[in-house]
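Next up is a structure, given as structure tokens.
Labels A, B, C and D are assigned to the chains in the order they are written; within every chain, residues are numbered from 1.
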Amino acid sequence: MEAKIKTIPLARLSSGDDLTLQVYQFFGNPSGKKVYIQANLHGAEIVGNVVIRQLMSWLQSLDRGQLWGEVWLLPACNPLGMNQRSHFFSSGRYNPYDGKDWNRIFGVEEDGERATFAQKYLNSSQDTIYHAYLDHLKSQLNNAQSFQTSGTSYGVKYGNLLQSLCLDADIVIDLHSSSNEGINYLFTFPKQDESAKAFLLDVGLVVQQPGGYTFDEAFLKPWLSLEETFAQLGRSLNFNLESWTLELGGGMTANPQSVEKGVTGIKNYLAQKGVVNVSDFPLPETKDHHIYLADKSQLKKYYATTGGIIETYPPLRTPVKAGASLYQILEMNKKEHSPQLMTVTAEESGFIFDVGKNQAVNEGEYVLSVLETGDNYDA
Amino acid sequence: MEAKIKTIPLARLSSGDDLTLQVYQFFGNPSGKKVYIQANLHGAEIVGNVVIRQLMSWLQSLDRGQLWGEVWLLPACNPLGMNQRSHFFSSGRYNPYDGKDWNRIFGVEEDGERATFAQKYLNSSQDTIYHAYLDHLKSQLNNAQSFQTSGTSYGVKYGNLLQSLCLDADIVIDLHSSSNEGINYLFTFPKQDESAKAFLLDVGLVVQQPGGYTFDEAFLKPWLSLEETFAQLGRSLNFNLESWTLELGGGMTANPQSVEKGVTGIKNYLAQKGVVNVSDFPLPETKDHHIYLADKSQLKKYYATTGGIIETYPPLRTPVKAGASLYQILEMNKKEHSPQLMTVTAEESGFIFDVGKNQAVNEGEYVLSVLETGDNYDA
Amino acid sequence: MEAKIKTIPLARLSSGDDLTLQVYQFFGNPSGKKVYIQANLHGAEIVGNVVIRQLMSWLQSLDRGQLWGEVWLLPACNPLGMNQRSHFFSSGRYNPYDGKDWNRIFGVEEDGERATFAQKYLNSSQDTIYHAYLDHLKSQLNNAQSFQTSGTSYGVKYGNLLQSLCLDADIVIDLHSSSNEGINYLFTFPKQDESAKAFLLDVGLVVQQPGGYTFDEAFLKPWLSLEETFAQLGRSLNFNLESWTLELGGGMTANPQSVEKGVTGIKNYLAQKGVVNVSDFPLPETKDHHIYLADKSQLKKYYATTGGIIETYPPLRTPVKAGASLYQILEMNKKEHSPQLMTVTAEESGFIFDVGKNQAVNEGEYVLSVLETGDNYDA
Amino acid sequence: MEAKIKTIPLARLSSGDDLTLQVYQFFGNPSGKKVYIQANLHGAEIVGNVVIRQLMSWLQSLDRGQLWGEVWLLPACNPLGMNQRSHFFSSGRYNPYDGKDWNRIFGVEEDGERATFAQKYLNSSQDTIYHAYLDHLKSQLNNAQSFQTSGTSYGVKYGNLLQSLCLDADIVIDLHSSSNEGINYLFTFPKQDESAKAFLLDVGLVVQQPGGYTFDEAFLKPWLSLEETFAQLGRSLNFNLESWTLELGGGMTANPQSVEKGVTGIKNYLAQKGVVNVSDFPLPETKDHHIYLADKSQLKKYYATTGGIIETYPPLRTPVKAGASLYQILEMNKKEHSPQLMTVTAEESGFIFDVGKNQAVNEGEYVLSVLETGDNYDA
């Protein structure tokens, strides 16, 4: 099966050159789900492009009859973030033009009309409700786009473009990584615990209260809110949509082990959800796979308590004990004292989740993160 | 009268060098107001340093008896933002480390205990209430500062430090400018209309609903909220606090005319408020001075609808008419067409409030702002 | 007459988007000169694009018969430098990837074979010599381009591409501006004094010893060197090639007065050189026009002798006297002293040629330039 | 033995904060050599600070009698480069203000008076010649520093300051690392082959023709040139000065194995040169240690031949064969084709010396380096 390839204009640059997005669409049986997978929303988080290339080869090797629905793939989904350089570094997390985090630019305005909508459709079929609310979201997104002479800021236009591509999807998977050195894990939402297993990762962070500004939250939140509004009126709905962010290792790199984890996890998940019908997935271990689902608040970031050089970092996944040594910092001074090697201890027990890429830190800069699991977790 | 000068540690850098703040305190009659004036919160907005230097000379020329209260002056209040360079440019609006706007890092958590507090102090004197709530805010600020090994991010520590300096002030004045080319104006809050005149500026933007993250809002908002909470319980309070942001011209520059506007306005305001007793202020014109107070929503930003070179900008304060030509953009292309000069019209009538410093724009980048006054305003 | 428009691939970006150059070629009588004009080599120096657009309109309005030769126009000649942003600033002078000044990446290796070449062609016609040496330069440029798997750095590939476009030109005009605030002037070479008048500018800097790394020098230097080599063998040649850099005002702006100076100057120069045959050019004043040609060494740069805010700059073209006040700097400190306003005097007499765009300076940063003319110059 | 600690002013920043250098001086028997060791000249190359801290502890543990001469240690020798950030990255190789590589700002003007000097001192003792020429270099350095109102650019002032600290040293060691991922090796000069062994590293690059702009070259070059000038007059001199750059692993990191290599190598070298008298150094293996000394021209850099993601890099020190696969790049496009995985082969045999830290590359960006040893080298 070959992909249909669409090139979508994004912005004209001052020089007259254009930035575009290119989406690869695989269409199977039209009555199935729409799966939307994108990569590289943060400029330095490139690993997902390699994952997508491998998924594309896999889908190309399948027959149309093996795909129950459609899969849209969008690698390099943020050309401005990906191509920009400061020395050889890709700008990591934010737009250098305005400082806005590339993954905090989404969402539609909180919807004052949801209660009215629910009242109106209280006795309609779930399918009718879904399509009516989808139309409503589409028109909201279009309104947010200015068609007036005052134009639209790049961030708003870009965010709306990405959202419009996945608005009617059933499943959204956004491929990220740490900006620093990180483990493989996923972000998930409250009702997705059973599905989460299928990615075959061993850690997940649960977003209990989606704020709506990240890409995964922006897709899911309106529907969760709508379900809630109907529930308050005594009508139980389940649109059965799922949203995921996979975090695959570190920034500026495509670690082969992280790529493999991502590719296998997505294939297995798609097979488990019945989107793809292949002989080798889902893997038998899926059912009994254990994923540790932590609350986001369990993730503790450590910031440098003085400026200097982090001399010794523990490796990723190292267990840490409350009160035990966590890292050492070489503090220098301009006060005619010798440099000093200081030890910083852990506040709570857990394991090393992420470590900074730059071992030189000014006071208050990021050092590492501990996932605070308590003492009983076996990392 | 000489200032008491205090140097306050801010952060140790990785090299062992230190960044500090230096505050100049003039103390007069202790029973008066505390006025807090800072400059250069955004890295490129340097004009306020020159204003402060001139205010300092002025205060030095006064007797202690002429000052009813105290004035704290903090020039160069953001050394990290001010010293950092990309080519010769000061990093403008955000911390290059994390992209956070330097003037969106303030505020204390919305306070769940305010209702309980109001109930408890319902019949206390306003003075007792003020001091009790001030203690409460202080402890909140201290809690926000982590004294644990996980440290505090630079932005949080820095924001708290600035807030702690002005927490018990009666009047806060934050000196800014446009990052681009801007007019002289001020930001004000609902109950300050009469006081606003004293700055002798002709335009003000009113923040109707303080969000609490900017410096001026972070100072005022808790007290406005407390007044409201008491009002709901039938008790009318007025803490009589005022918060101002003065915007004095453009970025990376200290325009002499803007400096003069700022210095005269602040002297006049301090005399008008009875903080300073001098023969030449307040100026007689203060009483009849007209300031046009606009709602923030009247400020319309224009973004480039294509990439190119802005060929013709209207100068600051030029009146614009809805539908009339606003600016022209030279659009280039890489599609074998000739470059094209396109005219963009104004959506609403008003006047030119701010224009971009970089006439090369990618699509979606900022071009200029119009303050939409309708057709009857006389700019 | 319409232009032939050619789009030339420059580089594929990591996202799969492409950067290209677009050259506009006007062809008249083939026996005339080839004129090559480019703009925006430094990212922030955008004014030349507007000049080129106006020249293009002018050439379009002419008949083919009025053009004696051909004119190539290359606006936006450095898309990477022009589109890159740090906050809203275009990266000014250097490639943010490697720090190399965009106008120091040109030139071919000093040519060990020139003596042999001259010996061989000692008695050939100048035309034969020209074409033989042109072939030689072309092959050198091709050799510099690696066609091996180790590739070529962006800077080398890009530099060679621009050079290859103008290698066989008779006249090269490179349109620049100051990165800061600058006057309108030109760079010229020793034998061009008479021609220099035709641009109708009043100041020029003469490059006595072309180093060969800037664009204008890279074009001219091999031919000057060849003329010298033949001269040493007793043969006098004059290839009659001219190379110019026009500096038109300040960075990130297209000052209308600078645009007009540039457009008029180039039209007048092309008419004067017989490339274009129009009724209104050359202007009658050309012949008696006076241009002050200064040696590059007369340009004295002033660097901040301490950190602070430049409070008062003299405007461009202000005459300065040795020993008289030049600018004032507000020095702050963290040593518990009051801020201090210091006056810096001029070392030599002359006039203000260029002033920094950022009035905040760390010690050792650029403040302004004086063209040291001595006391008798009438600015 | 305790260090004498000196804090040296470097520059006042615009905010009034100061940058300084802090040098640690250990003084033993005054008739020995002066050794000067600095670290972190490039902002991201932090490893040497940790090496210096360990050397400092070691020297503190020695008696004054064990040190034959003096050792000066300057960690964090470039505070501006080290503290500056773009996202969390230290600015790597160049000053973001002007793009100048921090290790290309040294050197004194080529000396027209060397021949005259040599003539004058032709029959003096080597010691007399050394001190006379040292005075000459000092005065040159002082002249380069402007004491006029036009000031000195930061780069010139800073470069001169570092040079002045080591001008009279016998041995200079500059601690660097790759900006990317690199092996441990050293830079050396023609007459130092025997000494080079003592660092116990297995690869060295020999600078045959010092250009004079890097720190190590700037120290040594004037003396090598003077020896040559005297040699041409028939007088053989050997000032017996040595200059080294140690490259210890990758950027933004202090790899413990690289730190250990650096510390052991320097201790061993100092013992071997008779500067330090300790029981455990020099190590017995020093004499037979083999270091592969390659010419700098053997180092081949590979640049991306298209934009994309480097999917597979070979690890450091992997042997490569001419014509065999070297790396693979995932090329994307915006022309409606599938992404493509391309294999790039090696031009010559050798081994992997350095690999890029950012696997996303625009066309022409750096990918990796091969040290071309031919087929017989055993990496």
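Here, a residue touches a chain if its C-beta (ideal position, glycine included) is under 8 Å from a C-beta of that chain, and two chains touch if they have at least 3 such contacts.
Which chain is which protein? Per UniProt: A, B, C, D = Succinylglutamate desuccinylase/aspartoacylase family protein.
Nothing here was measured: the structure is a model prediction, and the numbers come from that model.
Asks: Chain D and chain A are one sequence twice: same or different residues at the contact, by the over-half rule?
Replies: same
Asks: Write down the chain pair with more C-beta contact pairs when C-D is set against A-C.
Replies: Between the chain pairs C-D and A-C, C-D carries more contacts.
Asks: Need the most distant chain from chain C, centre defined as the mean of C-alpha atoms.
Replies: A
Asks: Through what angle, between 0 and 180°, must chain B be rotated so its C-alpha atoms fit those of chain D, rounded to a multiple of 5?
Replies: Resulting rotation angle: about 180 degrees.
Asks: Using Cα averages as centroids, what's the distance between chain A and chain C in whole Å?
Replies: Each chain reduced to its C-alpha mean, chain A and chain C end up 47 Å apart.
Asks: For chain A and chain D, what's the span in angstrom between their mean Cα positions?
Replies: That pair's centroid distance is 42 Å.
Asks: Distance between chain C and chain D based on Cα centroids, please, to the nearest Å.
Replies: Chain C and chain D have C-alpha centres separated by 35 Å.
Asks: Taking each residue of chain B in turn, which ones touch at least two of the other chains?
Replies: In chain B, the residues touching two or more other chains are 13-18, 20, 22, 46, 76, 82-83, 85-88, 90, 93-94, 97-99, 307, 309, 332-334, 339, 360, 362, 365-366.
Asks: Which residues of chain D touch chain C once you look at their complex with the stated criterion?
Replies: 11-18, 93-95, 97-101, 148-158, 300-309, 326, 331-334, 339, 344-347, 360-367
Asks: Using the touch rule from the top, collect the residues of chain A that touch chain C in their complex.
Replies: Residues of chain A touching chain C: 13-20, 22, 40, 46, 76, 78-79, 82-88, 90, 96-99.
Asks: Residue numbers of chain B touching chain C in their complex, please.
Replies: Against chain C, chain B makes touches at 3, 5-7, 20, 22, 24, 44, 46, 49-50, 52-53, 56, 60, 75-76, 82-83, 85-94, 179-180, 252-254, 256, 307, 309-312, 330, 332-339, 341, 356-360, 362, 365-366.
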